[in-house]
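Both complexes shown next keep chain A, but they swap its partner, so chain B is in the first and chain C is in the second.
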Partner chain A sequence: MSPARPTSTIAELRASIADKRTTHPRLHEHSPRVTTMSRRPPRGEYIETDTGNKVARKATLVGTQNIMLGGKTVIQPEVMIRGDLVRSVQSASAASSSGPPANNTAVSIGRYCFLSRASCLRPSGRLYKGAFTYMPLRMGDHVFVGHGSVVQAASVGSHVHIGARVVVGELAIIKDYVRVLDDSIIPPNMVIPSFSIVAGQPARVIGEVPEGGHEAFELRDLYKTVGNNPHPVPT
Partner chain B sequence: MATPASTSANSSSKRHSILPPVSQAGPKPPVQFSSSITIADSALLTGSHTILAGSESVIHPRARLDSSGGRITIGRRCIVHERSIVGGNAATVTLSPSRGSKTSDTLLSPLPSSAGVTLADYVLVDVGAVIEAGDTVVGEGTTVGVGARVCAGAVVGKHCTLTPHTVVAAGDVVPDFTVIYSKGLRRRDLRGVPELRNKGQARQIEVLRRMIPSNPGKFSS
Partner chain C sequence: MAPLTPYTFFQCPCSEPSTLGRPADGSSGAGAGAEPDADDEDRAFDPRAPRSNYSLYPLEYLLYCEDCQQIRCPRCVAEEIVTFYCPCCLFEVPSSNLKSEGNRCTRSCFQCPVCIGPLATTSLESHPDPNLLAAPDNSAAPHSGPYILTCSYCNWSSTEIGIKFDKSNGIHAQLAKLRNGGTTRLTAKERKERRKDLLQGGGPATRTAEAAVDGRDLDVDTQFANLKAFYQNQLADSSSGGNGLSSLGDMGFASPSSLSRIMSIYTGGSLHDKRSKLRIGTMREALDSDEGLKIANLDESGAIEKLQEEGYDATVSAEQISNQTPNLGEAPLHGRGRFTSELRPIPYLLRTKRSKRCPICRHIISKPEAKVQATRFRIRLVAGSYIPSITIRPLNTPEASPGAPSDTLQPLKPVQFLLTFKNPIFETVKVTLATPAKTPGRFASKVTVLCPQFEIDANTDVWDEALKDGDKDKRRRRGEDGPHQAEAGKIWERGRNWVSLVIEVVPASLRLDLLALTNPTGGQEVDTGPLREDEDLLEIPMFVRVEWEADAAGDEIGSAPNKDKEGREKRELAYWCVLGLGRVSQS
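Now for the complex of A and B:
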C-alpha cells in the first residue's frame, strides 16, 4: 500500500457491499435475526468503513470492484456510480508495461468528497484509434457534487464545488478550486482552469475565486454532519 | 437445516408488514425482445402493454420502461441509459383503449395501437432523460441528452440532438437535423455526419455488450 494515497478501500467496500446484499431492505426482506437474537447494533442509514467512508445503503454502486474511494468520502442515498464501465482499450504505455492486468479503475475518488443525493458519476466514453473505450473518471480531494448532478468528466481536480442539477459533459476537465454554479451545463471536452467560477447553459467562466476564498471549499466539517451518528451542523 | 426453515417461516409472517420489493411492483409487461439485445438485470420494466426491443439495443441498469400508457417500441441499436424513463405518463392511460386485444395486435400492427412511445433505430437516451408516453416518436439517430424531457405526443425528427435539460413541449414537431439547446434555441445540424455518429454508436454497443451482464430471460414471462 502506498503511504501517499490510501487505496485499500476496494476490499473494504466490497465487504460492505456484500454486507449490503445480505441486509439490503430493497433486495431482501429484513432478516429475522434482527428481531430475534441480533448482537449487532441497529443498522444505520450509512455503512461506515474503516477508512471513514460513509456509503448510504440506498446508493446504487455498479461494478464496485472498479470504484476507488480515498477515504472520508460521503455517498448519499440514490447516488449512482457506474464502475462497470471500464476502459476497454489499454493505452500504449499501460499495455507495454503491464504484465498482470493493469488497473481497471473506472471511477476513483479522493478524500473528503461529498456526493449529494441523486447525483450520478459515470466514466465518459470516446472513440480511441477507431475503437470505443470508456475513460476513467478521476476525482481529487474535497470535491462536492450537488443534488441530481451528472458528472461524466475525464478528471475533476481538488477542492471543486459542483452545484445542484449540473451536467458535466463527457471528457471535460475541471482543474482545482473551481466553483460550478447550479443548473450549469458544462459542454463535452471543456477544460476549466483553476480558480474559475463557471455558470450557464452552456457553461462559461464568469468569474474568479477571490483571494482568500479557498477555505470555503473545505469539506471536513460537512463530512462530520452526515452518517449514522452525525454531529450537529455548526452555526 | 431445520433452523433456516423455521426462520423463513418466521420471516414470511413478518414480510407483509415491511415495504414490498420495489423492483417488481405492478404487473410484468409482455415483452418482445430480439435475441441480440443487452438488458441489465436491474432495468425496471412495468406496465401492461408490450415492450419491443430491436436487435443489438442496450438497456442500462436502472433504466425504467413503463408501458402503462401504450406499447413501447425500441428500434435497432438504441442505447437507453441509467435512470432514464421511457413511457409512463399516468395521465395518458385513460386515453388508451382496453388492453384485451393486446395479444392479437402484437403480431399485426407495426405501429403503436395506443398512446405509446416509438424510438427509431440508433436512438440514444442519455442519463435521466424522460420520454413521455402518448404517441411520442423519436427519429433515427437522435440523441436525447442528460435529463432532457420529450413530452407526450412530440415527434422528434431524425438525427436531432437534444442537449442536456432540453424540454420538447407536448405535441411539438422537431424537424430532422435539429439541435435544441436547453434555453430553447434551435439550430440546424449542418455537419452532415449522421453515418459517423451511427457507426460510433454501433462501436459503443459492441463494448457495452461485453460490459453489461444481460438477463433478458428475467423479463420474459
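Now for the complex of A and C:
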C-alpha cells in the first residue's frame, strides 16, 4: 500500500456521521409526525464516506482506530472486524507511550474489497520472542469475502475471491488471484500460491485459475450494486 | 436439486473432424464411402456425444492465436515450463537441481502424511521456569531444543513416528538420515565411504560393524547398492578368464564376442564349445546381506499382533499410502507401510509457471513473468478479448408466468431466455447464429432463435461514448411505447457494446412411453431404456459466425499507411458453442 493512496480510518467515518446529525436525538422518541424544526434525510442502510467506503450501520467494527480501509470498500451488515486485537507495543526503547495510531494497524484493507454478511476479520496471534502478540491482517485490493466466512490469515493478496462459510486459519498466507471455494477450511500456516483454486477440508490446491479468468476477480461492478442508491445488477 | 445456472461452453476447432484429417473411412460405419466428410459438415454438433466432452470449454479457459486467427484450447496448446517453484516456501528451484534432486522441495516444506496439510517446525523445548534466575524479557533464543514437525489441522506430529531434528532448517536432509523410530540410516555417500574404508583393509572390526547395521532389516537403498556392487564384481571376475573375452567387462553382455559365444552354446554341442564353456568363470548369486541378499520375511505375526493391539485406526488408508513417496529407508515389500507409525512426512511437489504456444504457428500466446512473486503476464492472448461472450438469463415476461419461476423447466411449456452478446474488440461485428430446430439426443426440445443475424457495436471507450452524444437513450432501442414484446427478427435490447436477444425453447417431455410415438424415423428401433445421466439437461448447440473488418496486417514498415477501404480486410471466425439452460423436470 503506497502512502499516497487515500485511506480513511473509521475515525473519519465517525466524523462524517456526526455531520449528518442535525437534530437532537431525543426527538426520535416522539410520534413520527415531522416537526417543523428540521428535516433529516432518511437514514440509509450504509454510511458512505468521502473516499467511497460503504459501511453498513449494523456492522460491528471493534477498535476502529486500528482499522484502515482503502477506498471503495463495502462492508455489509453483521460483519465483524476485530481491530482490538492489536500488537501490544513493547516500549523497551524510549518510544512515546501513545504512538501514532497509524503504526498500530490491526486490520488494513485495500480498495474495492467486499465483505459479505456475517463474515469476520480477525488478526491472528502467535508467540513471538516468547510473548504472545497479534500480527496485523493485511488484505489487498479486490478481495471478496463470502457469506459467513472467518478470515484469520496473516495476509491476503489482491484479487482474491473467498467463498461462503470458509475458515481461513491463523497465519495463513494467501497470494494474489486465488479463488477459495465454498465451505473450505484452510489450515493454519498454509501458503496458497498465486493463481490457485483451493477447496476442501483441509484445503488443497485443486486447480489453476485460467488466463482468461483474471477479469472475473474485479469487484468494481459489485461495488456499484450496493449502497443507499444501488445501481441495478448488470445482466 | 439446486437450480442450474445457465452456462456457455465453446468448442475448440482442434477437435473438429475437418481439422483432424481422418482418412475417409468407408470400411466403418454405414458403409458410405465419400459420405462421412459431407455428413460431418451437415451434422449438428452434439454436446451429448462422449467425444464432445473433451472439446468444450468455458470462455475463461480458451486462448486465441492472433496469427492463425483461431481459438486455442488447453488441450491443443503446447506448454513449456518457465519456472519451477515450491508452493509452500515460494522459492524458485533452478532446473538443474530438478534433475539431481527430483521434483519435490528439498528445503523444509512438508505435508502431513495423515491429512495432507502443511507441517510447521516447532521446538520441543519447554519454557524455562520463570522462578529461576533468568533474563526477564526472555529474549534469549529458546529455539535451541530438538525440533519436530507438527500439523495444525489434525495435530499429528513427528513424535508419533519417533523422529526429532537437531536443526530447524534443512529438514529434508536430516529426514533422509532418519528412520521412523529414531534410528539413523546411512546415506549413499556414507555407505560409499564405508566401503572404501573396508576395501582399504579396515579389518574385521569395520566389517562386523557394517554387518550389524545392515543385518536383518536391509533397506531398499542399501540392498540395491550392495547388489549392484556385487554384480559388478562378478562381471569383472568372470571376464578376467576366457579367451578373448577381456572386453566383456567393459561392454557387458551386448558385445559381439559375447554374443557369438552365447549363440555358439545354442548351435550344437561339440567338444569345442564345452571347453570354452568351462573356461568362462561361473557367476554366482549373492550369499549374504553384504552382497545384497535379502531373505523375504514371510512371518507376519508381528504385524498381526500390532494390528490386534492398535486396531483399524492405526492402519493407513489407500489415499494416504498413495501420497507417500517411496521410502528408501525401509525394507522393501514386506516393510511397505501399513501402519500409521510407518508414515513419513511428504515433501511438497514443485509447481510450475508455464508458457503456452500455438501448436500450428508456434507463436507464444501466453507467457507469465519468470519471477515467482510477479503475477503479471508478458503476453496474454485470451479468447475473451476476441470473441463475443454470451450470458444467459431467463426472461420472465409478466404474461407468460404469473407464478414464481421454478427450478426446473416444465416439459412442453415454451419458455424464453435472454442471450446477451458482448463485443470485446474495437470493431463492429456482425453475428450470425444457427441452431438445429430440435436439440440432438433422445429427447429433442424445440429451439427458436428470434433474431439470428445482428450487429454489435464496437467496444469504444466509455468516455468517447458519453462525450459523443449526451443522450444515451437514443442508442437504447427499448420499447418506448407499448409492452416489450419478443418479436421475431428483432433484438431485445442494445447497449454500447452489447446486444441481447430472445430465444424460445419448448423443453421435451421426458416420458419414455411417448418416445416411441414421437420418433420421426419410425422404422428404426427406439431406445426406451431408462433415463441416463444428464439426459434431462437442456443443452442447445449453436453455431456462431462472427464477421468484422480489421486493418490489413501491415508488415511492411516503409509503405505509406493506406487507410482507405481497400486497406481493411474482412475477417470472420466461426465456432460451435453449447448453451446449457437448465434441467427439465420429470413429471
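In this section, the second predicted complex is superposed on the first by the 188 of 235 C-alpha atoms of A that agree within 3 Å, B and C clash if a C-alpha of one lies under 4 Å from a C-alpha of the other, contacts with A are read in each partner's own complex, and residues count from 1 in each chain.
Just so it is clear, contacts are C-beta pairs under 8 Å (C-beta built on N, C-alpha and C of every residue); 3 or more make two chains touch, one makes a residue touch a chain.
Since the model is a prediction, treat every value here as computed from it, not as a measurement.
In the superposition on chain A, A:Tyr177 makes contact with chain C only, not with chain B.
In the superposition on chain A, A:Asn229 contacts neither chain B nor chain C.
Of the two partner chains placed by the overlay, only chain B lies in contact with A:Thr133; chain C stays clear of it.
In the superposed model, A:Met80 lies in contact with chain B only, and not with chain C.
Of the two partner chains, chain C is the only one that A:Pro193 touches; chain B does not reach it.
In the overlay built on the shared chain, the residue A:Val62 is in contact with chain B alone; chain C does not reach it. Overlap of the chain B and chain C contact sets on chain A: residues 131, 169, 185, 202.
Of all residues in chain A, only 92, 129-131, 169-170, 175-177, 185, 187-196, 202, 204-205, 210-213, 215-216, 235 touch chain C in the complex they form. Against chain A, the residues of chain B that register as touching in their complex are 7-8, 10-11, 14-15, 18-19, 21-23, 42, 61-62, 82-83, 127-128, 145-147, 163-165, 181-183, 200, 203-204, 206-207, 210-212. Chain contact summary for the complex, chain A toward chain B: residues 25-27, 29-33, 35-36, 60, 62, 80, 82, 84-86, 88, 120, 122, 125, 127, 131-134, 148, 150, 152, 165, 167, 169, 183, 185, 201-202. Across the interface of their complex, chain A is touched by residues 59-63, 74, 85, 87-90, 115-118, 120, 127, 137-139, 142, 151-154, 351, 366, 372, 375, 377, 380, 382-384, 391, 393, 418, 420, 500 of chain C.
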